[in-house]
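Two complexes follow with subunit A in common, the first pairing it with subunit B and the second with subunit C.
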Partner chain A sequence: MNYDNIKELLTAKFGEQIQYDLQHDLLNITLPAEMNLKVIQFLYDDEVLRFRFLTDITAVHLPERAGEELNVVYHLHSLENNIRLRLKVYVPIEKPDVFTLTSLYPGANWMERETYDFFGVNFVGHPNLKRILNADEMDYFPLRKEYTLEDPQRTDKDDEMFGR
Partner chain B sequence: MTEEITQAPHHIQLSEESLVKQTTTLNLGPTHPATHGIFQNILEIDGERVLSSKQELGYIHRAFEKIAERRSYYQVTPLTDRLNYCSAPINNIGWHLTVEKLIGIKTPKRVDYLRVIIMELARIADHLVCNSVIGVDTGALTGFTYVFQLREKIYDIWEEVCGSRLTTNIGRFGGFERNFSQTAWDRLDALLKEFPKAIKEFEDLLVRNRIFMDRCQGAGPLTAEMALNYSVTGPNLRAAGIDYDVRVAQPYSSYEDFTFNIPIGTTGDVYDRFMVRQGEIWESLSIIQQAMDKLKDLDPSVYHADIPGYYLPEKQEVYTKMEALIYHFKIVMGEIDIPKGEVYHAIEGGNGEVGYYVISDGGRSPYRVHFRRPCFIYYQVFPEIIKNGLLSDAVVTLSSLNVIAGELDA
Partner chain C sequence: MVDLPEGYAGEGFYATSFDKVVGLARKNSLWPLPFATSCCGIEFMATMASNYDLARFGSERMGFTPRQCDMLLVAGTISKKLGPILRQVYIQMAEPRWVVAIGACASSGGIFDSYSVLQGIDQIIPVDVYVPGCPPRPEGILDGILKLQELVGNESLRRRTSEKYKELMESYGIK
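Our next item is the complex of A and B:
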């Protein structure tokens, strides 16, 4: 079992909507947002692939990509085949809806809550989508790029010398 | 949740309010001796039995992922110290390995083995604390005080290698900041001589102790299926009978050169978790011994990879050579550019798979860093495994899961 087999199986099942690229020996699979649960369910159910271990869920904010600012990233692991996969879906920041994975992996519960807490990704169907690390009364999503770490009013520190 | 008991036996004189069956809400935490860290469990108990529980966390959330986005890569290492502070060197070295993967650095074998020694010492320190705390929570404080003397010996070695003890910030990209001194080797030799006897003594106190066994066996059982569903990793997963260890599944830092066993359990209860950690301590000692033997054949002057531009040059070269001065300045100012890329690197931490997901856009600081913290993920399973058990079982189960608040909250 290797990445070529996985690509073949996915292409046979879902056609050309899925894109692949290899980053540091890990296969990145980019999907349309509404297909995330379908594809992951397939990877989970397939008797050979058996991606039954969810390593991680997180998100990335990409403000310059208009219409797909939020990137939700899943890391899956097939323990039997010892293969990891990274799945990515892009959603617009105005309507950041993706389906929850809690029905497949109960452990996705807190990972999705954390992603919601920091990025505001709305996991449709999540049983308890509340903030987890930040205070409940917070009304913004702090890991989005518009919230800079440095006080934006300061002029004595310029980005050329001190980075982002 | 109240239920009327309609009639009391007539010979017992009970007050009116005691006839109403009530459940009690009990807070374990945020600061409570049973949590060993700052997080909260709100338990709904009926007498001694736990009916349900709710977890609150985030009390020491420090926004590391956000802070890391404005720091140069070197400056992220001290943040990783503060995740699982019981085994900080594993996190440090894991971060270095991640960035090395991003840059494409191949480290010399000697560096790999030195790292293995430091990481296995950290694993021992982590497991010793966790296991002795299980002892404390079952009423045996003696083992705990013994074990802290042992942990002190490990801290002495780290102190000699990197200068600090708890939050170590050990090593650099490509290797270590300096070679191990003779004192460090002497302390390591002494440790390898002394530890087997001392750990045996600790085990003699607890392993076949009737009170300890009765308190631990059958408490907080975690089945293999549930562990996988909840993405549990590390000793807690292995205690449930799944032999997944990142050191073997995807070896890093030349772990493939070593021979060691992965201890696993069967029932996944507190006792199994204790035994798995105890077994791993013995394996770690064996790995350290193997690494020491392998190091004898290697050039003892090598302690970092040859990567000018990423590794600080020798001080005397900074004073005499132009390039060295430039590199020194750039590295100290954090002005080194890391190649563009996206990388996930996993290592076997004290509690399970510690993962670093880094996106670099080619600048001086990461575009995005995400820490996969094993504690945060497996703590979800805690309410499931204490349900319908005794309150005292819940307390030992909590300490046997080894939930570290720093790692929980990042």
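Our next item is the complex of A and C:
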């Protein structure tokens, strides 16, 4: 089992909608946002592939990509084949809807809550999509690029002294 | 043994002001309530332990209930999410109560100039002594506690009922 087999299987099942490239020796699979659950379900269910372990979910905010500013990234691991995959979907920041993976991987619950907490990705079908790490009163998504990393309420640290 | 406060002594009696006696008792039996979250907490543990021995200064044992303690030691980064909890702990302490901010994070947010970190605990509770350092050495923490003892020993008995103190508490929204 190698990346070429996986590409063949996916192409046979889903056609040309999926793009592949190799980044740092890890296969990168870019798919349309509405297909994420279908493709991951296939990777999970397939008797040979058996991608039964979800390593991580995160997101990246790419403000320069108009119409697909938010990039949701999944890392999957097939423990039996010892193969890892990275799946990417792009969604517009006005409507960042992605299907939840909680039906496949119970561990996705908190990972999706974290991704929601920091980037505001709306995981459709998530049973309990609310903030997990930040304070509940927080009214923005802090890792989006339009917000500063520093504490916005602080006024005593000026540029001259602290390089802001 | 501590030195006698200023007073008038004669055959079989000794007279001094009540303020000084109470100050002397309070300052030499401060009950610490450690609120440790990170590396400053580790330094504080060393301060408590035998090498540096906080007990020499009258703080024999840590109290892990705010009801019994009068010295809140905040050692470490306090995130904004933790802020209300720290505030609740402070409110649960009975008067008189004092607060020591140990280390750069508790004093000012330290290196964590970040959206998620409280930029100094004095944004939510009043602080009596700030100990600098990242983290401070146990000697530094001891020095901070000795400085606090000075404050405690010299505090007027009327301070906690004064208008000024009420204003201070109200500025933090604490009754």
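Note that the second predicted complex is superposed on the first by the 149 of 164 C-alpha atoms of A that agree within 3 Å, B and C clash if a C-alpha of one lies under 4 Å from a C-alpha of the other, contacts with A are read in each partner's own complex, and residues count from 1 in each chain.
Simple rule for what comes next: a residue touches a chain if its C-beta (ideal position, glycine included) is under 8 Å from a C-beta of that chain, and two chains touch if they have at least 3 such contacts.
Treat the numbers as computed from the prediction; the structure is a model and nothing was measured.
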| item | value |
| --- | --- |
| Which of subunit B and subunit C A:P32 touches, first, second, both or neither | neither |
| Partner chain(s) touched by A:P92 [first = subunit B, second = subunit C, both, neither] | neither |
| Contacts of A:R154 with subunit B and subunit C, given as first, second, both or neither | second |
| Dominant toucher of subunit A (residue count), subunit B or subunit C | B |
| Touching partner for A:P106 - first (subunit B), second (subunit C), both, neither | first |
| Touched partner set for A:N134, first subunit B, second subunit C, both or neither | both |
| Contacts on subunit A seen with subunit B and repeated with subunit C across the two complexes | 133-135, 142, 147, 149-150 |
| Subunit A-facing residues of subunit B, complex | 57-58, 61, 63, 65-67, 69-70, 72, 101-102, 228-232, 242, 244, 249-250, 334, 341-344, 346, 353, 355, 357, 359, 363-365, 367-368, 370, 372, 376-381, 409-410 |
| Contacting residues of subunit A [partner subunit C, same complex] | 133-136, 138, 142, 147-154, 157, 162 |
| Complex interface listing, subunit C residues touching subunit A | 79-81, 83, 109, 113-117, 119 |
| Touch list for subunit A against partner subunit B, complex | 23-24, 26, 28, 52-56, 58, 60-61, 73, 75, 79, 82, 84, 86, 105-107, 109-111, 114, 118, 132-135, 142-143, 147, 149-150, 163-164 |
